[in-house]
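In the two complexes below, chain A is the common chain; its partner is chain B in one and chain C in the other.
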Partner chain A sequence: MTGISPRAAPYALSVPALALLGAFIVVPLCLIFFISFQERSATGLWQNVWTIENYRRALTDVFYVKILGASVRIAAITTVFCILVSYPIAYHLARSTGAVRGACLFLVLCPLLVSTVIRSFGWVVILGDGGAVNALLDVAGIGRRKLLYSETAVIVGLTHFLVPFMALPLMVAIERIPRAVEEAARSLGARSLEVFRLVVLPLSFPGLVAGSVLVFTLAVSAVVTPLFLGGRKVQMIGTQIYDNVTVAFNWPFAGALTTMAIGVTVVAILVARHTASEGRTIR
Partner chain B sequence: MAGPAPRAEAAASPILQIEDLTAFYGRARAVGPLSLTVNEGEFVSLLGPSGCGKTTTLRCVAGFVRPSGGDIRVRGRSIVDEPPHRRKVGLVFQNYALFPHLNVRDNIAFGPRRHRYPKSEIAARVEGIIARTGLSGLAERLPAQLSGGQQQRVALGRALALDPDVLLLDEPLSNLDRKLRQQLRGELRRIHREFRKTLIYVTHDQEEALSLSDRIVVMMGGDIIQIGTPREIYERPASAVVSEFVGECLSYHGRVIDPVAGQDRVVIESQDGSRWQVPLDSGALAPGDTVRLMIRAESVEPAASEGDEASNVFRATIRDKYFTGERIRLVCEAPGGSQIPVGVAPNSADAAREIGSDLLCRVEPAAIRCFPETAS
Partner chain C sequence: MTGTQRSLSLTRREALQAGAVAALVPALLQLGAITPAEAAETQLVFGTVGGGWLDGIKKIFLEQTGFEKQHDAKVVWDVQADTSLITKALSSCARPVYDLLQAGVTGAAKLSAAKCIAAYDRSIITNLADVDDTYKSGDYFVAVIRLLNGLVYNTKHVKDKPTSWDDLANPKYKGKVGIPVYSWVGSQLLHAINKAHGGTEANVDPGIKASAAIVRGNDAVMVQHSNMGDQLLQREEIWIMPFWTGRMINLKASGVPVDIYYQKDFLFADVGYVVPSHGRNLQLAQKLINATLAPEPQLEILKRFKYQPTNRKVVVPEDLKAAVLPEYAKNRAAKIDWKKVNEYADRDLERWNKEVLGS
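This part shows the complex of A and B:
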């Protein structure tokens, strides 16, 4: 048997993963990109006529522009909420040890252990007209509110689902900040909020950027959560693509929306990379 | 409460007074009760092995550990209920804990800015510190772009920018290599002279404590076991434990046989039968008392001849041999089985001796410390 040279080994070992990614992600994406420039067919998935009509429609029809805007808005707000919720959790995780840490980590990861459908149903029960929140509002004398099937409900559901994707990178980043650096700030007169703003935040910035990219991309392309918690009233790119594939059978248009969703993600990553390098140079 | 009578310390003004300080971690007593008075401008080291309570004491003074009892006063004002930043106490951390994202100037300006000093005063202070710590020209650098010595200056400067009454240093040199450590000790002495601050320095390194301090506080198991100048600690350790901690020692359990007439010496027979002469000033000893003898490795030297009984000569076996630069060390197994390194000149006849051969050794009686054995 001829050995593989140590220098070639990393490449050789990554062949299976690359083959899998190539076959099931790159090739389908290329197909989607190709279809998005084809015409819709009444009988098949598409007909082989080149056109840019799908993109013209997605970018000029107010209905779709609004959906694109709503998706970006929902994803951005979700990201902000995830940051707000995750920082205390991540800080606590990073600074605790042993059994406490294990238990907390498990709690943070819990949302990922449940299927999206079941998790969303959970929120339907909590936010529904006869749900827990409304029952409380009733008792408190505030009166029942329409909570379900709104952007708020979608943002709540997405935040719940996506907190682990923010909390874990933040935890790793905060762990790298020596405790003594925080104590130094404190001994020099920084109050708790100043310790956070002047020490923890800037030093965990890379984790913040990484988490934001993850949360934003996952939120902007969400399907199941907006479907369950937003109903017909809240449309996002994901739900539109889903409708066009399964209901309207307009694959070329779904392809155009998909390409645009990927475009939004790429822009988000580029912005994040830019911010991260700015953060490094400004200090 | 029956407090101690006021001590005659008016001449040197005490800046920090620790009184009956105790600190617990859960149920375990970490410190105390411990009392210590530090005078203005003094360089005091807390010396002891890890877990002796020295760092806990320091953190009590800094305000990061809440004492369970006792009082800490700076210039007569009790600070135990004050938050860390209102104590007028500066802290220099192990590994310095500089802010890695801030340049030298911003690191030093951090304290004054948090205390909302006027902008012009902040600038003046910071530039003053930069100049006096020898950091001019490095103000725009990040900590990662500085050498170990420069980092130490930033850490000291950052703490000094708030003009603290007392500067606390928590093993600042412990993770550095030997050469750098020696260089930084010199810098520490220089900064102490330059700023004339009161320094409290925590270390487990006896050499560091001996070379830096005006006074050394030796701690063990949460208690102070001796306070003294470096020479006192080294030459007149108060107990066998201090003696053992401050240097490499041969140790014997023995019994007082008889005072030697007219020579101010006591003869002591150790358990293995060897006899030692020690100075009478080792404490009041009566025939029959059990004692512990401590012999510093540095005070053992090769002997030319057997000599008489008064010369503390003993026969040892060479077990190992190594070169340390200016000396060759012969690791000698003394009567009773314990080993000590005996230094000899590299070109001497003794240096040529083989491992396994015998070596005659002698100790000056004055170099032997003798401690009454506690009944246990």
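This part shows the complex of A and C:
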């Protein structure tokens, strides 16, 4: 390379990536942050009058604090379900080879090939009063239940959508665990569950943390799934932002809610980083 | 590397370059920074809602009128939810992304207040003269169709014909009432219910109280869109809901036992097309609006969707009389000032979410 010193080269090479991140992530976020300190306009989208009213409203109104709490709760439950569903899948993927692995990987990624709207409609049919789940409950003698338009329906839909985001980091983490380590544990008398608890789980912990951050972040800000499966009676921070942008045209308040949601995500990432470093220290 | 190998393989740099070009070209096309070489004709970006409505307007307003051929134009569709159309038009006010877009009276009033839409040119939209003033808002909006929204009910389960908004709160129908979500028709519905209970645009207390009695008190099912309303009525998961006449007629024709009643302060929704002020094809966009207001396409829309036409020259066939407002309901529609409603949009949404839906 001519003209660029070897010390400067790494920085120069990172310029395109930083420019893209800056243009498409940092600048829009800064704009949202700026708008969140502006006043709502009755005619336009906002007016250039500085205020902290949007934050006061978002942080002191119990309604919005409750909604943020509900979003965090739903995202946390979804993350736990994704972990439970993903571990067996990820383990199987990590330990299989050839065509089986390819086919399984394709099946895991399949939900991502379908739009969230279509997927949600699928769940509307499955969980509806006359849907497959209620038909099974009927046959089993339990009787039909109101499943749709509830927090349960939202969690089911989010789990289905987000499993690939958990399964893939876990698969990569499990792949890095030599089979010999598991075999050594077994040869020393550990049963399958103990091998998982004492060997696989601790060694795949970084993948678990990475997957949890991804799933939690996407779940806490979900819009489409709560809209369709929650029937508007399940209110999450994402749906509030959507309504304020498209119905009330109150972009400044939507900006404040967005900043709050980003704040929650950042805290989640910091907690995950701390947990991951604690995990490394313990091992 | 041999010539054959060279032609079959890519270096990492070439792959990255190809990827960058593949990503940039659609982005620049979207921004209008570059135009395809073959696109000699004028492109008209048309924002609309999708589904069956889109299929219908493509066929009726473009194919049957031969609009594109006649004007050497190509209509490019941008399909969005109606609230998203207004939001996009507002946020791109100075450099509009649309040449024309679908809007209701409320959305058009919002865009007009923000000076984002232009006044119609009567010398281009000549069919305006055949549309009564009741379908117009200022000089920037005219309804192409009027959607009537009465109480649609299942005649098998609802034995006593519903007569007022309060029937939705009747405990006999608990869990079997449908209510449109706020972002769809719910916001307009709130104001119609509010008027029926003596409220005003500035005071929605009565409307909020009555809506909460329906949604929370009667465990109403929140309906996201028209197709969902159709399905819920078909499967008899709901027995009664404020719904469109056109939808009711089509359901009835398919054997679903439904009927409609226009109660006092019933709602109607006018749907039309507005033209962004700084649009690149103001004249052409208005020519298309003129085509939508002509009697023939209006009759086709009536035949296909059963929505009330707005051009007075349209002769409604006898078998489609049910699609237009009956005599008994002539003066029953809720009279709402949508400009005023927009001033309180933020407050109303918050009260709906807090008091009607609850957390």
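Just so it is clear, the second predicted complex is superposed on the first by the 264 of 283 C-alpha atoms of A that agree within 3 Å, B and C clash if a C-alpha of one lies under 4 Å from a C-alpha of the other, contacts with A are read in each partner's own complex, and residues count from 1 in each chain.
In this section, a contact is a pair of C-beta atoms (placed from the backbone, for glycine too) under 8 Å apart; a residue touches a chain by one contact, two chains touch by 3 or more.
The structure presented is a predicted model; accordingly, all values stated were derived computationally and were not measured.
Asks: Based on the superposition on chain A, does the combination of chain B and chain C result in a clash or a fit?
Replies: Result for chain B and chain C: fit.
Asks: Between chain B and chain C, which makes contact with more of the residues in chain A?
Replies: After superposition, C is the partner touching more of chain A.
Asks: Thinking of the overlay built on chain A, is A:E194 touched by chain B (first), by chain C (second), by both, or by neither?
Replies: first
Asks: What is the contact status of A:G44 with respect to chain B (first) and chain C (second): first, second, both, or neither?
Replies: second
Asks: A:T259 contacts which: chain B (first), chain C (second), both, neither?
Replies: neither
Asks: Using the superposition on chain A described above, determine whether A:S204 touches chain B (first), chain C (second), both, or neither.
Replies: Neither chain B nor chain C is touched by A:S204.
Asks: Pick one for A:E183: touches chain B only (first), chain C only (second), both, or neither.
Replies: In the superposition, A:E183 touches chain B alone.
Asks: Now for A:S221: first (chain B), second (chain C), both, or neither, which partner does it touch?
Replies: In the superposed model, A:S221 contacts neither chain B nor chain C.
Asks: Check the superposed model and tell me the shortest C-alpha distance between chain B and chain C, rounded to whole Å.
Replies: Least C-alpha distance: 34 Å.
Asks: Under the stated contact criterion, what part of chain B meets chain A in this complex?
Replies: Against chain A, chain B makes touches at 62-64, 84-85, 89-91, 93-95, 97-103, 110-111, 114-115, 142, 158-159, 162.
Asks: Given the complex with chain A, which residues does chain C contribute to the contact?
Replies: 81, 83-84, 86-87, 90-91, 93, 110, 113-114, 181-183, 187, 221-222, 224, 235, 237, 342-343, 345-346, 348-350, 353-354, 357-359
Asks: Which of the residues in chain A end up touching chain C in this complex?
Replies: Chain A reaches chain C through residues 40, 42-45, 63, 66-67, 70, 128-130, 149, 227-228, 231-233, 235, 240, 242-250, 253.
Asks: Can you tell me which positions in chain A touch chain B when the two form their complex?
Replies: Those in contact with chain B are residues 178, 180-181, 183-191, 194, 198-199, 202-203, 283.
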